[in-house]
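Note that chain A is present in both complexes that follow, paired respectively with chain B and with chain C.
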Partner chain A sequence: MSTKLIELGPHQLALEEPMYFRVKLEGDRVADLDVLPGQVHRGMEHLVMRRNFYQNITLLERLCSLCSNSHPSTFCAAVEEVAGITIPERAEYLRAVADEIKRIASHLFCCAVQANVIGETALFRRVMEVREIMQRAKEAIYGNRMDLAANVIGGVRYDLSVEGAAYLARQMEAMKQPLDELYLQYSNNPALLVRMAGVGVLPRAAAREYAVVGPVARGCGIDYDVRKKSPYGAYDRLEFEVAVQEGGDVRARNLVRLAEARQSVSLIEQCLAQLPAGPLCADTLPEIPAGEAIAKSEAPRGELMYYLRTDGSDMPVRLKWRVPSYMNWDALKVMLKGEPVANIPLIVNSIDPCIACTDR
Partner chain B sequence: MHIQAEENAIVPVRLFRINTGSCNGCDVELAVTSAVTEFDVEQLGCRYTEAAREADILLITGPLTVRAREEVLRLYAETPQDKVTVAVGVCPVSGGVFRDSYAVDGPLERHLPVDVNIPGCPPRPQALLAGIAEALELRRARREGGAPVRRALPVDNFPARGRLSYDAGSCVDCRICRHVCAAGAIRFEEGETGVSLTLWHNSCVFCGLCSHYCPTGALSVTGDWRLDHPAADAFRQVERGEVPYAPCVGCGEPIIPAAPQLLHAAFRRPNPDIERLKSLCPACRQQMSIGVPRR
Partner chain C sequence: MSDCINLTSEIRERGPGGGGRDGFEACVAAALVCAAGEETEVLWCQDRKGVLTGWCRLPSGGSLLPAARAVAELDGRLAMVTAYLPERAREKGEREIAYHFDLDGATLTLTVILPLQWARVPSLTAIFRNCDWQERELMELYDVQVVGHPDPRRLFLDHSLPHAPFERLVPYSTFTNAATGKVLWDKVLAGEREEP
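Here is the complex of A and B:
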């Protein structure tokens, strides 16, 4: 059998981001692959050490736009831990609202792109139209469709008025039926089944070995969600079930995402129903003392960890991340092995790789 | 929003996108302009292509990382001579929040000529369409001769975070805005007659943090999102104002008087004695409070 090496980039893989792969083929099947990273390396670790805590909130929101709220909220949680700040209860709920809105939009974007990759253009457009309900809600409430600017150290800097909450509740209502319908489509539509079921399989043992997280792990039957395992913010007061699928294939990952999007709707509704009155932010910002902290959260792509070290000045002396895509894209080696070349773009997109997060 | 194309071009104008290392915000919003009917570039007679050599309009996102440079320039070299190049988002123009990193090699203009800028972080789809329409107009003008015409757009009153506005009258020169700005978009300069603030719309990422911390509301976020402009005008896209010095009523030293908004924020109901504080220099204020200047 003939062996050859090919290089694939964003324009062949239908990726929004510049990710390059070197793929070793045997015949027309994938034998191995190397990820060629670094195109989106913006020197974040260097930049955060040259920006003060305030500036870092805005900078980190732009570490990646698809999980843009997870970064500043997890960063703020780490700073608050170091400084011993307890944020107001209302702020905890409002952070959860922002995170869940972003989760819905992020998951839908991933499902849409995959439909496009397999030539299901009508479905692609349909999912993107449904996602627009969230995009509009984000712009109406936060003033931007991607970067919400919701967090400050000590709480949040946006509020939901009575009308704002009612508006958001209506948008949530409008999401329910389309999300249920999309779940059925991704579950049963024969055209999707043919392309997604049994494709890009990651066996559970390999999933554990590669320590994958997020929908990639839950699609392999691994019941791990930071919101449940170590609840932060308001999550210990909110009810939801961890979405798990057994298949380990492209289909399973998408069903996890769509089930989670539907749960996010319910989580937001619970937040609106329970939203306590009170301040949005701790009044005065205390000095940030020397110290270190780890904060973690469930970003749309899985567990996100922040390690922060401070020295009493107003800039971090160290900030390190473990982002979910890092483990997930390593496991692509397993998912792609033996797959035909034509399946590469779909499988790569099925892990929802975030290059901006990983290259930093 | 629908922008009507003036002529129904039979051959669509082809758009080609290059991501030079963005946070993906601009790229995801560009994807919306290929997927969502309301914002579809089709309404402008355009279509996306995946082949650089077909690019009539080149859309570039991201701050241009060192690592991506070679690939970006290779793709750029494949594009036709007569394309129009558009910088999408503030990243390619100023580096946005990523400026001053060893890993970033912008601004883009150092490496290749840019025709149109679309500020935003990310720009909303309406702003992307407006910028693409501007690029189309430039393309038409280049082919047919004549000057490009800037089209009026339907105004929507959506509360998007747009251009920052500065009111020097309520500024107290505390400079907290500059301190919190991640993008380095704000500069203060001490001149002969006062202190001036300049805010660059091509650096600003529209986060609103400056206005959040501004104690007097001198900086505010407006809903004005239509900021696309010819790249040659980049340095004119600023907000500027000067806070004039006034002599201290105690000793005559030129000082920046405190704005009434600050006194109200600090004292709720200022009495005439407190009002007098605003026109005193720090030394004279100390004199008034404790009888002697502190050393």
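Here is the complex of A and C:
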């Protein structure tokens, strides 16, 4: 059998961001893989040490588009932990609303892209059409379709008026039936099953070994969701079940995402129902003392972790974060092994990779 | 060592959320003392939601490997590695690396203190596979040698950038120019050559 080494770039991988793969082929099957990141390395961790805490909220929101709310909210949580700031209850709920809106839009984008990769153009359009309900909700509430600018140290900087909450509730109602329909499609549609079921399998033992997180882990039967394991914000008062699938394949990962999107609708509804009155932000903020803190959240792609170290000045001594995609890339070695070349773009997109986040 | 194994099964049963905070903390502390020596102490903090965060400064660089093995036996997952120059690092001639582990929702950070010059740490890749990228990134950003890393190539940084740029003054434009790396430009230039 002939052995060949090929290089794949973002165009061949159907990615909208640059990532390169060096793939070793045996015949037309993948034998090994080397991931070559760094094409959009911007030295962000270097930059954040030269910006004050407020500037960093804005900068971190621009780290990544699809999980743009998770970064500033987790960073703010780290600052609040160092300074002992308790955020108002209303702000906890509003942070959860922003996070869940972004989660639905992010998950649907991932499912849509995969439909496109396998040539299911009509489905791609349908998923993007459903996602558009979320995009418009973001536009109406936050004034922007991607970066919500919702967070500030000590709380949030947006509010939901009675009309705003009613509008969001209507949008959530409009999401239910399409999301249920999409779940059935990704679960049972024969055209999708033939491309996604049993493809790009990551066994549970390998998932543990590679320490993957988020829908990639939950698609392998690993019941881990930061919102449950390390509750933060309003999540200790919200009801939801961790979406878990056993297959470990492309289909399982998508079913986890679609189940989560549907649960996010319910989480937003719960937030709207429970939303307490009160301030949006702690009224006086203390000086940020010297210290260190860890903050974690469940971003759309999984566990996001921040470490902050301060020295009493208004700039971090060190701010480090590890995004969920970071480990998921390496696990592609297992998912791609033995797969035909034609399946590479689909499997790569099935981990919902984020390159801007990975490279920083 | 048999005591440590007993602790492992105990912690699996108790977990940070399950069988009481004190028991969980005692198990982790005992496992670390068992592995890294008597003077190993873990300081636990619990936030308003009940989430536990443990901080442990290891008594010596040599205790990193046994401590990491103990965490692995407790079913810990390596979540992140942070290398940094702490406050007054140059005065004190010290640097630190923090290894953050997940213990079923609780976070345990093991910090090693290393000399600023000629810093060396053992690779944890044999224990935690996902330490591979973490250590490759740490090696290119900071002047630290990771001993025994199976693949110590640069991960993100282009070869045109100096070694350990987080410890040097590197103009930001150098960082961003280098972002369009060699792999990309090789392709662009190859494309130009092919044009008639």
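One rule holds for everything that comes next: the second predicted complex is superposed on the first by the 360 of 360 C-alpha atoms of A that agree within 3 Å, B and C clash if a C-alpha of one lies under 4 Å from a C-alpha of the other, contacts with A are read in each partner's own complex, and residues count from 1 in each chain.
Convention: a contact is a pair of C-beta atoms (placed from the backbone, for glycine too) under 8 Å apart; a residue touches a chain by one contact, two chains touch by 3 or more.
In this text the structure is predicted, and so the values were computed from the model without any measurement.
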Touching partner for A:89 - first (chain B), second (chain C), both, neither: neither
Contacts of A:18 with chain B and chain C, given as first, second, both or neither: both
First (chain B), second (chain C), both or neither touched by A:320: second
First, second, both or neither for A:120, with chain B first and chain C second: neither
Contacts of A:41 with chain B and chain C, given as first, second, both or neither: both
First (chain B), second (chain C), both or neither touched by A:231: second
First, second, both or neither for A:80, with chain B first and chain C second: neither
Which of chain B and chain C A:352 touches, first, second, both or neither: neither
Touching both chain C and chain B, counted on chain A across the two superposed complexes: 9, 18, 38-43, 46-47, 359
Interfacial residue positions of chain A with respect to chain B in the complex: 9-11, 16-18, 38-43, 46-47, 50-52, 54-59, 61-66, 68, 109, 112-113, 116, 124-125, 128-129, 132, 135, 139-140, 143-147, 149, 152, 157, 354-356, 359
Touching residues on chain C, where the partner in the complex is chain A: 17, 47-51, 53, 55, 77-80, 82, 84-87, 98, 100, 102, 104-107, 109, 128-130, 132-134, 141, 154-158, 165-166, 170, 172, 175-176, 178-181, 183-184, 187
Residues on chain B engaged by chain A in the complex (per definition of touch): 19-25, 27-29, 31-32, 35-38, 50-51, 62-63, 65-68, 71, 96-98, 100-104, 121-122, 124-125, 158-161, 179-183, 205-209, 212-213, 221
Of all residues in chain A, those that touch chain C in their complex: 7, 9, 18, 20, 36-43, 45-47, 81, 86, 208-211, 226, 228-232, 236, 290, 292-294, 296, 303, 305, 307, 309, 311, 317-318, 320-322, 326-327, 329-330, 359-360
